[in-house]
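Structure below; questions to follow.
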Amino acid sequence: MTDTTTLISFFTETREFTERLCKPLEIEDYVVQPIVDVSPPKWHLGHTTWFFEEFILKKYKPDYRVFHEDFAFVFNSYYESVGKRVIRNDRGNLSRPGVAKVYDYRHYVTSELKEYLQDAESSPELESLLEIGIHHEKQHQELLITDIKYILGHNPLLPKYNEKFEEHGPEKHEQHWIDIPEGIYEIGHDADSFCYDNELGRHKVFLHDFEISSKLVTNGEFMEFIEAGGYNQFDLWHAEAWDWLQQQAVSQPMYWHKIEDKWYHFTLNGLVLVNRDSPLTHISYFEAFAFAQWKGCRLPTEFEWEVAAQEFEWGKRWEWTESAYLPYPGYQKPAGAIGEYNGKFMVNQKVLRGSSVATPSNHSRKTYRNFFQTNLRWQYTGIRLAR
Amino acid sequence: MTDTTTLISFFTETREFTERLCKPLEIEDYVVQPIVDVSPPKWHLGHTTWFFEEFILKKYKPDYRVFHEDFAFVFNSYYESVGKRVIRNDRGNLSRPGVAKVYDYRHYVTSELKEYLQDAESSPELESLLEIGIHHEKQHQELLITDIKYILGHNPLLPKYNEKFEEHGPEKHEQHWIDIPEGIYEIGHDADSFCYDNELGRHKVFLHDFEISSKLVTNGEFMEFIEAGGYNQFDLWHAEAWDWLQQQAVSQPMYWHKIEDKWYHFTLNGLVLVNRDSPLTHISYFEAFAFAQWKGCRLPTEFEWEVAAQEFEWGKRWEWTESAYLPYPGYQKPAGAIGEYNGKFMVNQKVLRGSSVATPSNHSRKTYRNFFQTNLRWQYTGIRLAR
Amino acid sequence: MTDTTTLISFFTETREFTERLCKPLEIEDYVVQPIVDVSPPKWHLGHTTWFFEEFILKKYKPDYRVFHEDFAFVFNSYYESVGKRVIRNDRGNLSRPGVAKVYDYRHYVTSELKEYLQDAESSPELESLLEIGIHHEKQHQELLITDIKYILGHNPLLPKYNEKFEEHGPEKHEQHWIDIPEGIYEIGHDADSFCYDNELGRHKVFLHDFEISSKLVTNGEFMEFIEAGGYNQFDLWHAEAWDWLQQQAVSQPMYWHKIEDKWYHFTLNGLVLVNRDSPLTHISYFEAFAFAQWKGCRLPTEFEWEVAAQEFEWGKRWEWTESAYLPYPGYQKPAGAIGEYNGKFMVNQKVLRGSSVATPSNHSRKTYRNFFQTNLRWQYTGIRLAR
Amino acid sequence: MTDTTTLISFFTETREFTERLCKPLEIEDYVVQPIVDVSPPKWHLGHTTWFFEEFILKKYKPDYRVFHEDFAFVFNSYYESVGKRVIRNDRGNLSRPGVAKVYDYRHYVTSELKEYLQDAESSPELESLLEIGIHHEKQHQELLITDIKYILGHNPLLPKYNEKFEEHGPEKHEQHWIDIPEGIYEIGHDADSFCYDNELGRHKVFLHDFEISSKLVTNGEFMEFIEAGGYNQFDLWHAEAWDWLQQQAVSQPMYWHKIEDKWYHFTLNGLVLVNRDSPLTHISYFEAFAFAQWKGCRLPTEFEWEVAAQEFEWGKRWEWTESAYLPYPGYQKPAGAIGEYNGKFMVNQKVLRGSSVATPSNHSRKTYRNFFQTNLRWQYTGIRLAR
């Protein structure tokens, strides 16, 4: 029974926190989708709600009445097993349901689910679905922030989100290299607490000696890379990266602007001077790799990172690793729609480890595996060197 | 002085009417741009305002203070001569300026301009610019309606605009063929009243005998075309049309839906049964041409239409003609930015004559030349046959 | 009987001339298709042959045995009514049938058709098909030359076709303006001799007074346009042209190269200095229009051209007109596959009048209507100004 | 000195063997490039020659005269460090240099290099470059065969290459599962013999227990997958694979055709019935993965494959592994253009192990790492299951 109470309050806080994140928005900000990877905020609000309705209320709550029969269609993201969905690049073309209606939907589902949980007999299956739903919403909290940043940061008026969101505090400690001796190490989640399926299957890996930096790469170090012509030296780049660079005319991190010979970047507090001491962010894997090459270093693998993580502070930037996103030995995709959560993305993406300034509390751990395509930059990504 | 008073009241009514058209919208509806040809309603509100600010207030009003220095950039449409502009397919990615701010902008410019007009000494040049600005806004009133229809009609929830907008009243009279004898006719605007530059240069054309229908093609006639397999007979179509048909999988007018073997169409009042007697609409030139071929008829030229127009009722549909949009003999593109209004579109488009249910009052005349690319269907387009 | 003999010899000469045009080619040159508009020479050889096989031999010759059952599929161009076809942009991917086999096909069909014609009873229908087939092949002779030029001229080795082909002889006479008085004129073919369906339907047009140049625009005049920044002045260009210019980075006629501050152009005799006195060629309609704007002139309509053509020399360049390619009043598309020859292209193209240095003898006349999309430049196109 | 003699004869044989592979071709077959991944055979002939000219003759042979100054431009593939190059998808647009000229180029370079080698003082650097050049040419021998197959197999006439090339001999032994115990294993090349840079850096990995099949997946097994609807079950596929499947309409291995309810495939000997017992080929990684999922198995990692390879026969198919193509620990990209050979492709590709029926002798070993994008199918790829 304590468990249920805890879960209900965890659920309630999560639902409220999502809405709090949207407080600074104008209604218009909820609607747009400037690129396919960035979803409209109201879609995030609806989609996280739909998840609870589709996977819990519809299945478990007796006599549950769906809020609106077309919403499953509008707010499904990529779950092929639960019917048709609005294709991803049409999300920003939908003015309805309006923001007020989406909040109604949220509140209806939140309240129906709380009502149900108070009375329902708890079961491991239900608890597990609820936990996934909550963590799923936390993931979207992070995306909400980065998508809002994209929406505001690509508007010619460069409007602020608020005055308080702290993106760029420097790491105060000195950089040094941490030595990790060669040996067999255990990788993967091994506690009772929540984790995603992709962290399971604890297993052994052999690692050779390596060194890993105690500190993230700073803006100042990356400015040196730019000044040294790093974006123009093809031999630092993968062939695919070089093509991407040419086609997209990339020559600086996302959100950087050079104005009268000074570097500024757009932050959630508006346009500010780049601080040389703060950790670099908004770079793609391609750029992370090229920078490491230029330094005569390399990116760590995800296993090296996980083994060394207790030796350094982390949590400001999602850190690109050299590891491709692949299943652990013995990985089993869960049956049904929940099985579409992770497994089907395990190709042509890179693992990121750590967490970022946008990650909600309780949503990071040493074994957490984030993943993105190699050209994406709108997350708070960063670089930690190894050698 | 009467003139000025008349113009001011014409201006005021036009400004108000635009805003009245937007009354039924939710804020979210103002923001989206589902396809490149459809602009967000708030963009129309801003762009028509910018026109007055850019071409009158900034040039004529002493000490005029621009409302916001970035708005010229946001709300310029295609005037290359007045600086950079947001590229057309990015309009729907801008959540700011918000709707309230855009209305502030409108009211500021409306009031500044009225103030200026009350005091200013009238001049032909000023009157002419004001008239163009007003007619420009009237054109956008029509686009507002058709763009709103597109935004709502391509939303899976199919929301209504209002209950009253009458799109589909049938023409009550019987069809007959009107004979026009061969001869030399005069074409083009010849009154003192306002017209666009593309109507000027009244000139002679020789027309051979022809017959033109007294009535627009009806939905029922077009259903027969569909049932006869018209969309599958390549010899009715231009080669370019046939490619378009295949690629876009077109097999019915825009907004038509077949539900349980009955044809419905989306209207501004919601989804309703197609009325066989009402004039067909939302077809491309390609479809208009193919239908005419199938009937053993043809589309009239714009000259035939203009000559015959006093013999029939028109005004419900913009009517596709066989004429390419070209300059009249002696056409002179006006100097400066205003010269970009019409001339630069005179290639690879077709002329439409008449006007539509969405055309505001005072904005149609026999000599008016509308024009669109041959594949576009979101206007209230229709067919009148000739032979 | 004389008629038949004449036709047979006309046929024979045409078939031989096509092959003579290919003499300078290496086998490899017959195969490639660098852009979709340019067909491989062996495709031209096969397609003109297929035309005679498909429309005459298969229908008329008793017991005719098709050369190869798959060739209809390979060599059909766009005739939807005669079955499937290799899509146009795959022509250059076919190494087989090889060149030798295509010549076998040609010789087989030539000889079968001659055999048939010697014995067959002549009929107007047969004669008409034969005439069309011959003129069809003559059209492809012209395309052969321009396609070969494209293939060689876009090869980094810039190989010559031969030493003799004369593309660029200057017009020796002085330029003057020819006055044509206003009045009603007759347009269209009115002789017994061969013409295409699109020239038929002789009809009247009214023309206002105009002047037309006695001489084509020269390379020297166009250099002045370039030097005056004509390619950078958006107000000279159509909106669609301006987009094309930016995207394709066009800043000179096709085949022009600036080497050490001098203009060269690639010709069928190799790379040579541009002669200022020779008539300009390889420009699109977009460029022709912009040049005329810059000169304060305009392009003639096709009717003006046809009326004035007896007053000036023509035949070196296809001349862009301002006229869209449209059916004449009373135009009837012939039934069946032959009906696909012209009518289905009558949208979004411009008429060119005259003929070019690549046009075979007997294949030009005052009433001939050529047509291309407004961005195409690989034909020997030119400019004659009107005002 | 023996070494030099051996190398010269290895070089000579390799050069001759490449030309022997092209014997069955018609000249036209040398020219075309039906998709960007497939190069024209004459390009392979020229490119492998250019490699020796660029990296050996130009650098080492005194007074060497380049065969043709533009050939470096034409035949460079992707070496950014040695100047401009014809972009990859333009290779099939070049009719010149013709085939005869390319053979002249080959013979010139072969003979110049032999002359040089006979006299030159041997050095490790020279020997190493020569070895790379020879192995580079062997790689292209394999691509020659698969590219020729593509060119012929996508021609509607389906011409044969020859009668003898054996693609599809079945593996005669029974399938069984080979057990490999968990432990630390050494990976990577450790002999004196030639290998590529990507095989170097012998290092340790820890492997958990696994089983690997003694036999490749057969056509018959894959037919069962097709019949069971494997291509329609989204949960067997990666998300990216599922999109690819829909867009490309993939529902069978490349070169398979269903004719009157029987499966045929195109082979270098022409179209033949699929033999159920032969090893499957021409499938993408996406299909290999989905098949393994359907079987309740998985693909081996490249490390598992390398450790187990002495326990089974291999060499008919390149075998897809689950491993992303990444550098080994301590991998160093060689300096200069040779460094562009492998390292820059180490992102978003999968490793294949083994070799295929198209692999020349002396060009396979247990440690060899081949790599392709996950959607490619024109190589002789196959599947070996693990679990």
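What to note about this one:
A, B, C and D are the chain letters, set down in written order, and residue numbers restart from 1 in every chain.
Basically, a residue touches a chain if its C-beta (ideal position, glycine included) is under 8 Å from a C-beta of that chain, and two chains touch if they have at least 3 such contacts.
Note that the coordinates shown come from a computational prediction; the quantities given were computed from them, not determined experimentally.
Mean C-alpha position of chain A lies 58 Å from that of chain C. The distance from the centre of chain A to the centre of chain D, each centre being the mean of the chain's C-alpha atoms, comes to 37 Å. Taking each chain's centre as the average of its CA atoms, chain A and chain B sit 45 Å apart. Taken as a graph of touching chains, this assembly forms a single closed ring in which every chain touches exactly two others. Here the chains touching each other pair up as A-B, A-D, B-C, C-D. Those residues of chain C whose C-beta lies close enough to touch chain B in the complex are 78, 80-81, 182, 184, 203-206, 208, 210, 234-235, 237-242, 285-286, 289, 298, 322-324, 326-327, 329-330, 333, 339-340, 344-348, 374. Per the touch definition, chain D reaches chain C in the complex via residues 26-34, 42, 70, 73-74, 86, 90, 92-99, 151-152, 154-157, 159.
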